[in-house]
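If you scroll down you'll find the structure; I have some questions about it.
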Amino acid sequence: MIPRYARPEMTAIWSPETKFRIWYEIEAHACDAQADLGVIPRESAEAVWRAKDVEFDVARIDEIEAVTKHDVIAFLTHLAEHVGAEEARFVHQGMTSSDVLDTTLNVQLVRAADILLADMDRVLEALKRRAYEHKDTVRIGRSHGIHAEPTTMGLTFARFYAEMDRNRTRLEQARQEVATGAISGAVGTFANIDPAVEEHVCAKLGLRPEPISTQVIPRDRHAMFFATLGVIASSIENIAIEIRHMQRTEVLEAEEFFSPGQKGSSAMPHKRNPVLTENLTGLARLVRMAVVPAMENVALWHERDISHSSVERGIAPDATITLDFALNRLAGVIEKLVVYPENMLKNMNKFKGLIMSQRVLLALTQAGVSREDAYRLVQRNAMKVWEQGADFREELLADPEVTRALSPAVIEEQFDLGYHTKHVDTIFRRVFEDGRT
Amino acid sequence: MIPRYARPEMTAIWSPETKFRIWYEIEAHACDAQADLGVIPRESAEAVWRAKDVEFDVARIDEIEAVTKHDVIAFLTHLAEHVGAEEARFVHQGMTSSDVLDTTLNVQLVRAADILLADMDRVLEALKRRAYEHKDTVRIGRSHGIHAEPTTMGLTFARFYAEMDRNRTRLEQARQEVATGAISGAVGTFANIDPAVEEHVCAKLGLRPEPISTQVIPRDRHAMFFATLGVIASSIENIAIEIRHMQRTEVLEAEEFFSPGQKGSSAMPHKRNPVLTENLTGLARLVRMAVVPAMENVALWHERDISHSSVERGIAPDATITLDFALNRLAGVIEKLVVYPENMLKNMNKFKGLIMSQRVLLALTQAGVSREDAYRLVQRNAMKVWEQGADFREELLADPEVTRALSPAVIEEQFDLGYHTKHVDTIFRRVFEDGRT
Amino acid sequence: MIPRYARPEMTAIWSPETKFRIWYEIEAHACDAQADLGVIPRESAEAVWRAKDVEFDVARIDEIEAVTKHDVIAFLTHLAEHVGAEEARFVHQGMTSSDVLDTTLNVQLVRAADILLADMDRVLEALKRRAYEHKDTVRIGRSHGIHAEPTTMGLTFARFYAEMDRNRTRLEQARQEVATGAISGAVGTFANIDPAVEEHVCAKLGLRPEPISTQVIPRDRHAMFFATLGVIASSIENIAIEIRHMQRTEVLEAEEFFSPGQKGSSAMPHKRNPVLTENLTGLARLVRMAVVPAMENVALWHERDISHSSVERGIAPDATITLDFALNRLAGVIEKLVVYPENMLKNMNKFKGLIMSQRVLLALTQAGVSREDAYRLVQRNAMKVWEQGADFREELLADPEVTRALSPAVIEEQFDLGYHTKHVDTIFRRVFEDGRT
Amino acid sequence: MIPRYARPEMTAIWSPETKFRIWYEIEAHACDAQADLGVIPRESAEAVWRAKDVEFDVARIDEIEAVTKHDVIAFLTHLAEHVGAEEARFVHQGMTSSDVLDTTLNVQLVRAADILLADMDRVLEALKRRAYEHKDTVRIGRSHGIHAEPTTMGLTFARFYAEMDRNRTRLEQARQEVATGAISGAVGTFANIDPAVEEHVCAKLGLRPEPISTQVIPRDRHAMFFATLGVIASSIENIAIEIRHMQRTEVLEAEEFFSPGQKGSSAMPHKRNPVLTENLTGLARLVRMAVVPAMENVALWHERDISHSSVERGIAPDATITLDFALNRLAGVIEKLVVYPENMLKNMNKFKGLIMSQRVLLALTQAGVSREDAYRLVQRNAMKVWEQGADFREELLADPEVTRALSPAVIEEQFDLGYHTKHVDTIFRRVFEDGRT
């Protein structure tokens, strides 16, 4: 976890305090279920709940762990300090440490997913608002970094919206993947504990019982979870790269927001760096690097080995905290992105009308000119634009061989931007109204 | 693609013949739609369909491409050789090469997914059958590679079933992800072609229209697709590792099938190598290595750059062909796995009853013995087993301090395997009857 | 292996013919050594060499393998068909299949490295030539995609040269890593064969004997080899990205070579796509994806498991063939890159002199103006440039508060490009003369 | 950074205190060089050195950064608080933030490498000692997890030694890779600072001047550095997997050290888990995950973009701290590994002599028995061992058809372990005396 790329709410999920709180709830709910089954006295279960509002003392638990060399035992010992040794003796009965640890991890991942879903909503809202705002802001579409045909800035925002909306759906599925708990004992056979305990605890925690566990919850679930974060991160990179391109000096179609007083910006107005989106590019790599180790974690030996644990101590907080930060930074960038429609037009017209050469070529052939002749006509006028900076439309209008085939009105028509934007509404309807993403 | 790890049906999806066939169908359906719209003559559309049964000549297309340096134009030229130049002139009208290429890739991925789904069904069927067959075959459960508590071989198969069933669901979702097509022109604006064409072609090919594309279909879809293959591959590795462990000389609880006449097996009966599952371990890495580049492919410049293309030429056939092969090899391994229940018992009893020491400890404390005393009693008898090879149960029965607390019947009870298997039916019901995976 | 991204010489290294040829040489040299030791008759060794010019029949070997299910036995059987069964019976004596397979793999990797080293020489030569050609071609240096200070195109080429020269050194080290052979038997103890055989065979093949092997050569060597290819690929991406940026429509400081007759280029002169460097970006990902599986291959079970084998059947040919192709494509791109110095100047002057604002600021403070005042002076003139398109130098010369502090000559001096290029020779000397890279 | 997997010395390298200390040294040495050049007054340089023993106040610097939004300026402001504003005004003259930041990163990486090299020495020493200790401790060699031929535990340690020794050499090279510094200004042209400053600062810090930098030091160096850490991590995994296998219940040829009083170990003596080596398996994944993002960092835009920075804030401390911890944990595991030679013999003899079947087969054919007959003879005796638990040697000695071909002495000879260990000294000489690794 890199402090400067961390937000408090997500970070709190991974604090020892939160972890112990979830441990406590699992143990307390388990006691209720055990009391229902008559396995432990009802009073013991009730006694445990008396610690409900206790803030567990992390330092004290660490102190005990230094002696017992076992984190769950240390916690239970500390719990007994609050509940009373007698009442506490039935806590954890029939359970295995992993029952608590694995169920807790999934509670944390589910909560992390909920924050990430909210983050994505913020991103989606910003993208949608900016999409409608710039629905008709014409800019040049580019393939290979080269001008192709006109499109609109609204379509750019809309496609990022659609991509992020798909990611939201994926994240919901990933959340479902890890929304399971297991209280099934040392090798998953429920030898020492009734399945009813698992059912009860999971219901209370908003989880489904893991249908078949070993000592641990199967790690294909977590692999899928982190793989999904990796895809979302890649989409963040996609948006970030677009903005970085738009801000580069020669393009300048948009800029990350710069507060008016921000140092250096006015003495060197050309030197506003897209540092937020560059940062997002790097953060995407950090999130993505969790994917492969999460997949390597799937193949555990027999009913479990503990190789996955150190990996998850790293990637679970790191990937969720970084992604949470990145999504919020991204939302801020989109919300406040400064768009320069006039520069978009200027760029589009850099080679005065040349981007319409293909349309003119088509118009000529449709007017009956042979493909070879049409090509020759377009070429000779295009080269004047390219080499001498002439205006393509004017050249065409002045070329008698062209005007013999195409009337001035038809030539003008080829340069009509409305031709390119006529289906923008259709696409917006698909994305924002029909919800097809 | 490594020929020895390839099956013909999947390989065929990625052949030039298949590719050209799909190109043809896209073009022909597009002609129909264009004729419906009145953009091209009905007869031209009909003429194109006359090539329906033609087997396109790949060598001839390559020959033309060598001249035109453009694969789609080469194909169209060759198509004209079959359909007639006049009738062929309306083919591809208003379309961009990427419309054909990207839609084709997704058709191929969908077909690949269908084969993989069938593969998984075979794996699932085998796992289910073997799970029921060995539902009550007791073996020792292990954590950290160390004996823990008894479980059954049926539970092992059942958990692999549940894991693979989750993977099947994931693959269905991944198939949905890529089941889109786009015919939207150079920058995705439908400037030169009506969205109705896209709708028609996609309907005919079993795809959904991509709601908003640029020149290409967005690559977050493909990233998710390959990430899912990576998770499936990791589960294959998980099963493979289990079998490799079971077959190692000292364990020998199962073996990959060995045909009776297989050379070397009878002169060196101890030397049967789990080469198929070792191979699966390697194949899993090969599939998984597609995940990161597929994610790196998401961030394309503006409306497209072509960096993703070479990556997909590699990973699309390679990952699907390898996974198809691996799933089938896995199915065969499971179907024919030779299981040795007697060795399972022998292994479980390696340290004569010692795995029950924890249960005995619990029984003693429940019988009112203090924790310290219980520990001491178990320890002194356990050490006789560990150091002198004694039998734990017999030692306990002969220890008066133990028998003072526990009756012989209660001591015997601690060694009852039924205690550990009593919930196997519950778990099987969850997995196989309730379909909760 | 993707045929369109493969060159014949590298591909040939991975052909069955080459493989069998190396097998043959290993076996034949081993026979010599065994004869020297008196283990086998001299005549047998000599007989084997009679097959020296035989072209082994791959189809025939495959046919035998279909029966024997063992590739090395199939080869030896075929060899006996040439040499005579009697003479062939001493071939392979005391050896293990892996002795042949692993030594062969390393011979192939060494040969592949030699081709790659030659490829890099071609890249280096091109970079050096272009560096000197454009040593003094001034262009704007950019940080964050934003204009910073002037640099030269020669420095750009020179830094790619230095980077590639480091890569060449790394590749030489990687070649050394895998230049070992092992003929040490089933578990590496030389139980059945004298170490002298290994020494002799390795000497003949240009390898060092692996000092301690098991059944296989340790895979950390191969992990390092493929990691090095991954770094080289990343450097290719680095150069490719630079060129793609230079070619984008708004920048146009360079273009990949376009043959005059190339279709489409003259009717749409603006539409020349940097498809080669985009392709290189993708190829870099393909090479890089070999790195992680090669590292996962290191941890084999005990004296060997065969999980690494399928991985290497994929990545060894694929990564070397792709990198060989990429390096040659890159060399071609650099050799023929069309550089537009005039556009470099045009871009640099986009904001008429504004990139010098920092130097002017410094000059003012050095002339005794307070930091605040200097900032204010620069700012008010900069804003005129930024907002009204004025010329920065002219504005400064016309600002009496500025000219009070700086003489016109001093102001002019701030715009002197020589200030920025004065150490170019120093840097060139470091890189090209002192060979410090 | 995961606190439980971190050691103080390495962690300290990445503290803000260390970072500011290195910043200070760079600035102070640069002042000296500037004074030598006459660019700044000698007294100013001397004044800066008066802060030599100051402990910089991180909280105060953070406070200033909160206002200035620039870390280097914040530091310089704080430095001025110690040195005096007047004297401090020449600090950093002509430099760019990246000059300080990038040179500092490399100083940190070099120091990290030095710690890692010392760590490796500890590992190497332990491996060497254990290798000699168990040079002649015979155990079964295994391929595919299946018994093959005898080897010795000393050879196992020796091959890990050789592998780690190669890694040490690689790490030295990786250290060299990043042992460069750059003080070359905004785009690397030395426009505002003389190359002599770079030379001086680098000499003082034990670095080489980066021969050609842009705003930053090229990232191929760092990619190679982290790739090397990834290979080392993979070797750690390799050793860890071996030990985990040796400790599994059915094998029990070695155990991680268990302190006598360690809870639970004596009541359940069979339940000692190889948790340290399992943990190392996971830590290896954590280190390895830095490799791909480090490679993705190489392709920066033009003279720099800042995407690499966030990645390095994560992976630079994390990978070095984790690897340092892992190497030390590994050293401890090796130093104290409890080896069970008697269990090794017991395992080797599990199938009473069967592992010698291949040698017997060979002896028979060498004695003139036809291959088919030899096979049949071995087979019929082997099956008695396999199926009825007979002793292979005894069966052979009792088989008249066998004894007709081989004398009892010759039969006994086939079971001589010395046959397998006769070249152990040769191998040890290669590794430990000739230093060929």
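Order of writing sets the labels: A, B, C and D. Residues in every chain begin at 1.
Here, a contact is a pair of C-beta atoms (placed from the backbone, for glycine too) under 8 Å apart; a residue touches a chain by one contact, two chains touch by 3 or more.
Every value quoted in this text rests on a predicted model; they were computed, and no experiment measured them.
Note on connectivity: the fewest chain-to-chain touch steps from subunit B to subunit D number 1. Of the two chain pairs examined here, A-D and A-B, the one linked by more C-beta pairs in contact is A-B. Computed centre separation for the pair subunit A/subunit D is 34 angstrom, with centres defined by C-alpha atoms.
If you average the Cα atoms of subunit A and of subunit B, the two centres end up 25 Å apart.
Among the residues of subunit A, those in touch with two or more other chains are 142-145, 148, 244-245, 273, 275, 278, 288, 292, 296, 301, 305-306.
Residues 141-145, 148-151, 155, 158-159, 162-163, 166-167, 170, 173, 177, 185-192, 195, 208-209, 211-215, 218, 220-221, 223-224, 227-228, 230-231, 233-235, 237-238, 240-242, 245, 288, 291-292, 295-296, 298-306, 362, 419-424, 426-427, 430-431, 434, 436-437 of subunit A touch subunit B in their complex. On the subunit C side of its complex with subunit A, the touching residues are 140, 142-148, 244-245, 247-251, 266-275, 278, 292, 296, 347, 350-351, 354-355, 357-358, 361, 375, 378-379, 382-383, 385-386. If you check the complex, the residues on subunit B that touch subunit C are 1-2, 4-5, 68-70, 244, 262-263, 273, 275, 278-279, 281-283, 285-286, 288-290, 292-293, 296-297, 301, 305-311, 313-315, 318, 322.
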